[in-house]
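Consider the two complexes below, in which chain A is the common component and chain B and chain C are the respective partners.
== the complex of A and B ==
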């Protein structure tokens, strides 16, 4: 989807952000839900707010919609300050986590509701409703009431209703949370298609990191009212800024180390956790003795029974647990010092010869460039 | 029938007899031919016919219906607002006190409510009549409506209201187009409940009514003091029928609404 986005607008300094969240703070009594947060979102982005529950992501979304008053700071939409505009006057629509369909209205009337508020002529309304029903493939269900729909159908009605008014910005609050895994994956692609087709800016709130990775142009990782990192899914996964992000997004082996200095291979760390010296390509500005962490994703650990020929970054251990996942297996390897590292290997060979089994003595090896060194 | 043991059946029969035998007797004797209330003289509807000739009872019935209709309508409006406010505003300082004060009339002895409203009307020099009875009925039936609405709102998804606002609907139109239609069954149930409460009331009405505003329960009560006649049985039967109808309708509406929300 990167080609439809005008080549990463966030990297282009002359590009004007579509939504500017400036020093926004939200307090509920003494509790600070959002702590002077700054964020720019660009036109046609599919932006995800990701974080554990209670991190403030839903509050931020509700402030964009206008349901929560901003304590301090301001929000600009297309250059216009919308902080004081009530929700019913904002050109923003929201898709609710509970879908919030009107139970006393048919699917058709639900979708038409927003259009009727604009006093559009009836033929325009029915035409638009028709279009939306086609978009979400629910034409046959137009006369049904919400309680006669399945979860997936309700979700699509909610989407159609929120898109009917052609909002400048669509907010989605955990839109797929109530769907089962299979339907969720399918719907993710549908959402992406619709977003590209209609060229609407999407801001989605989710706690499901896989979902965020799949659909987003960029992800904002939040924790306790702050944005910790805003970057593309690849950057977030491959270059997290700290160990919280590394831990929250995907699976990771997180080990503590002490900075030893640079040499021709790269950064040298001594790690009690790994019981050896670890080399990383990444350069860090630190002085000897500084505490830091290094993160290695399980799929970047090579696991083998034969000792690798490389000189660095080799650890020996014993397989303690195997999680067979069909296309890949996850091995839990216990090192001599008791630490457990996770390694993932694709199951490319069907025969048993390459088979690793419980209690096997194995070597773990990784390239220096696979390691992310984290200072906090 | 395995579910019911003999003990359960016995308990059921005794319990219901205890509750309903007096009322059943009253209904039966209203169809009594004989003028003597406790002696069965054969089936007849003549007392209902005689009732139609009794101007005093007809006047009282008209007053009662007028009072019940106006007081339940006003109480429904006020009670609905109170119920909505109690749920909408979440927790604010003094919320418990406020909600307690709404419910207080439900547990307050009727004599006290009657006496205190009487005192107020006297102090304000308001002439007692249909107006004062209506006012008193509004105050005590309002809290019942508030309770019904509040219990309905506890299962109401606030994001439905937010969704309507989000789609460009003004707050007032949102209430009229979304919230009110969804909670309408509860509003109707609340109205029926306060209607029957007003129909029933004797104590508060006797404190707050004046000349020319005798309600039916008051009329019955004063007639009984001169001796129970089959005519009284007949008018009471009609009253029982009306109240039963109201309560059954209210509960059917309540059940329908529950099904709709699930």
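== the complex of A and C ==
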């Protein structure tokens, strides 16, 4: 993963994108599912399309696979226009959300299915099937039928089947959606390992933001048929482009503010929500009186019973709720004006006396560089 | 006394509790309307024909001894094998049943497939159209085919008037007319189980096949057909089994040389008044059909599990 990140081909202007989605529009009757979308994906990327259900991410994936015809625009793979190529001739394979394993074939035959279509010699096919079974650690299950497999095993057969033909591009539609949490986390790392090992470009559709953050080189956040932000997981989390992205990815305290100008500390905003002046390091091009939003992640709010010595960005409140999460706790702090802010603190000390409890009066404090100012 | 009546009560309860009663209904039904008539037919087939009412000898004769003497003869069965007419009729029925089942399967599969693939708002209407002929009597529908197929019937008039033929086709009273009648009449029995199967087929399997490089035609043979096998089997048996014993269609549409076991049975029963031979014909037909019926049962069990 770190290799892919350090390479960051999207930052290099001379790098040629592997998949070019150019002005692609998809309409179902009057409904526009994808609205003139542009996106470049680079070779060996693990790219996630993330968004709420109905945002068009699955439609985009199905257009890449060839199951949906493009209404307007075109898609290029490795420089070649594939918009008009039927799905069975595209060098692209897909792992289906339902896995779509053929119930009348054994695991082995399922994996061999795609290879047989290429009329490969039987010994080549069985060799490749063996390799794939080893890759997903299912050698002992070769003769089983899909209905004799667990969810996790089915998922791995589906993965092996879609990788068997060494596709130029692998599409994964909610690949881990049907697995339980523990298995999902484990499989995320397996997917990343396999992707690195085989050097296949992955495009994954998911509605699970944690999953997208964990596995992706870059994430495309979608809403109502448009890409809102395309960036690395860190950028998406720490520098969302608007309050929708900030709100969709992770937990956030979103407050409204009025622009007051800049001083030596940074941008000054007056906030009714916070009932004070807020300082942010980030500079914004705005004029006095403009309305904007600022976002502070809960883990960047420091919570303490003692008043901090800093001069700025201090709010007083009362603990209303505590969500104990084991390694950390989330505190819901009600300010004097009634607004509730969330703060997360790692539980680093075991003893009771250090703990904050309900109805405690506390101070919230944050560094100016922790604030993200959002114009929309 | 009290404990005794309680015992009886609980015994009655255990016999007539709801669950048993529910299970008993189909068993009683089958016993009354299948098993008893079957035993009667079997009994008649072992008797000998006589000029009387009823026209066969009694199986048990109550003499002076305590037990009745049994007068069973296998003569009717032996007779069936001595006359080649019966064997020919069985084979001919088998041939007609097999060919018409295959024809019905080909036509029924394409109809069921198109209905299952149609937009969901159309499916109900299309399925309705398949079932609609059942609203008219079966006999009337077969009679209607006479009007269509006869020498100066609708089909010939239409073909002559648009100039495809200048002499009327002789279809009526041939095997072809029998095939047309059978395929038409039994089509819904093929379409319905096939539709039920194809309709719930996971379309993502077809997409997966295409995604893995399989052409649409090959996908049909390697994915769709194998997965619809339970529906194919159910439809084929539902057509094959009744067609084997079909009487009305060959009688009305077929010619004198159309030989089917149903017709032979009718002749023996009503024309020759040889009830034992007619019963023997029926018993052998049943014996022949037990194999496909059992295969059908098995395929249904498999489909359920």
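In this text, the second predicted complex is superposed on the first by the 373 of 376 C-alpha atoms of A that agree within 3 Å, B and C clash if a C-alpha of one lies under 4 Å from a C-alpha of the other, contacts with A are read in each partner's own complex, and residues count from 1 in each chain.
To be clear about the criterion, a contact is a pair of C-beta atoms (placed from the backbone, for glycine too) under 8 Å apart; a residue touches a chain by one contact, two chains touch by 3 or more.
Because the structure is a prediction, the values reported are computed rather than measured.
J.: When the two structures are laid over each other on chain A, do chain B and chain C clash or fit?
T.: Here chain B and chain C cannot both sit on chain A without a clash.
J.: According to the stated criteria, A:93 is in contact with first (chain B), second (chain C), both, or neither; which is it?
T.: In the superposed model, A:93 contacts both chain B and chain C.
J.: With the two structures laid over each other on chain A, which partner does A:118 touch: chain B (first), chain C (second), both, or neither?
T.: both
J.: Given the touch rule stated above, what does A:103 touch, chain B (first), chain C (second), both, or neither?
T.: In the superposition, A:103 contacts both chain B and chain C.
J.: Report for A:147: first if it touches chain B alone, second if chain C alone, otherwise both or neither.
T.: A:147 contacts chain B only, not chain C.
J.: By the touch definition at the top of the document, which applies to A:258: first (chain B), second (chain C), both, or neither?
T.: Once the two structures are laid over each other on A, A:258 reaches no partner at all.
J.: Do any residues of chain A touch both chain B and chain C, and if so, which are they?
T.: 65, 67, 86-89, 92-94, 96, 98, 100-104, 113-114, 117-118, 161-162, 165
J.: Of all residues in chain C, which touch chain A in the complex?
T.: On the chain C side, the touching residues are 202, 204-205, 207-216, 218, 223, 226-227.
J.: Taking the complex as given, what residues does chain B use to touch chain A?
T.: Residues 157, 159-160, 162-171, 173-174, 178, 181-182, 260-262.
J.: Quick check on the complex: what are the chain A residues that touch chain C?
T.: Residue positions touching the partner: 65-67, 86-89, 92-94, 96, 98, 100-104, 113-114, 117-118, 161-162, 165.
J.: Enumerate the contact residues on chain A facing chain B in the complex.
T.: For chain A paired with chain B, touching residues are 65, 67, 86-89, 92-94, 96-98, 100-104, 113-114, 117-118, 147, 161-162, 165.
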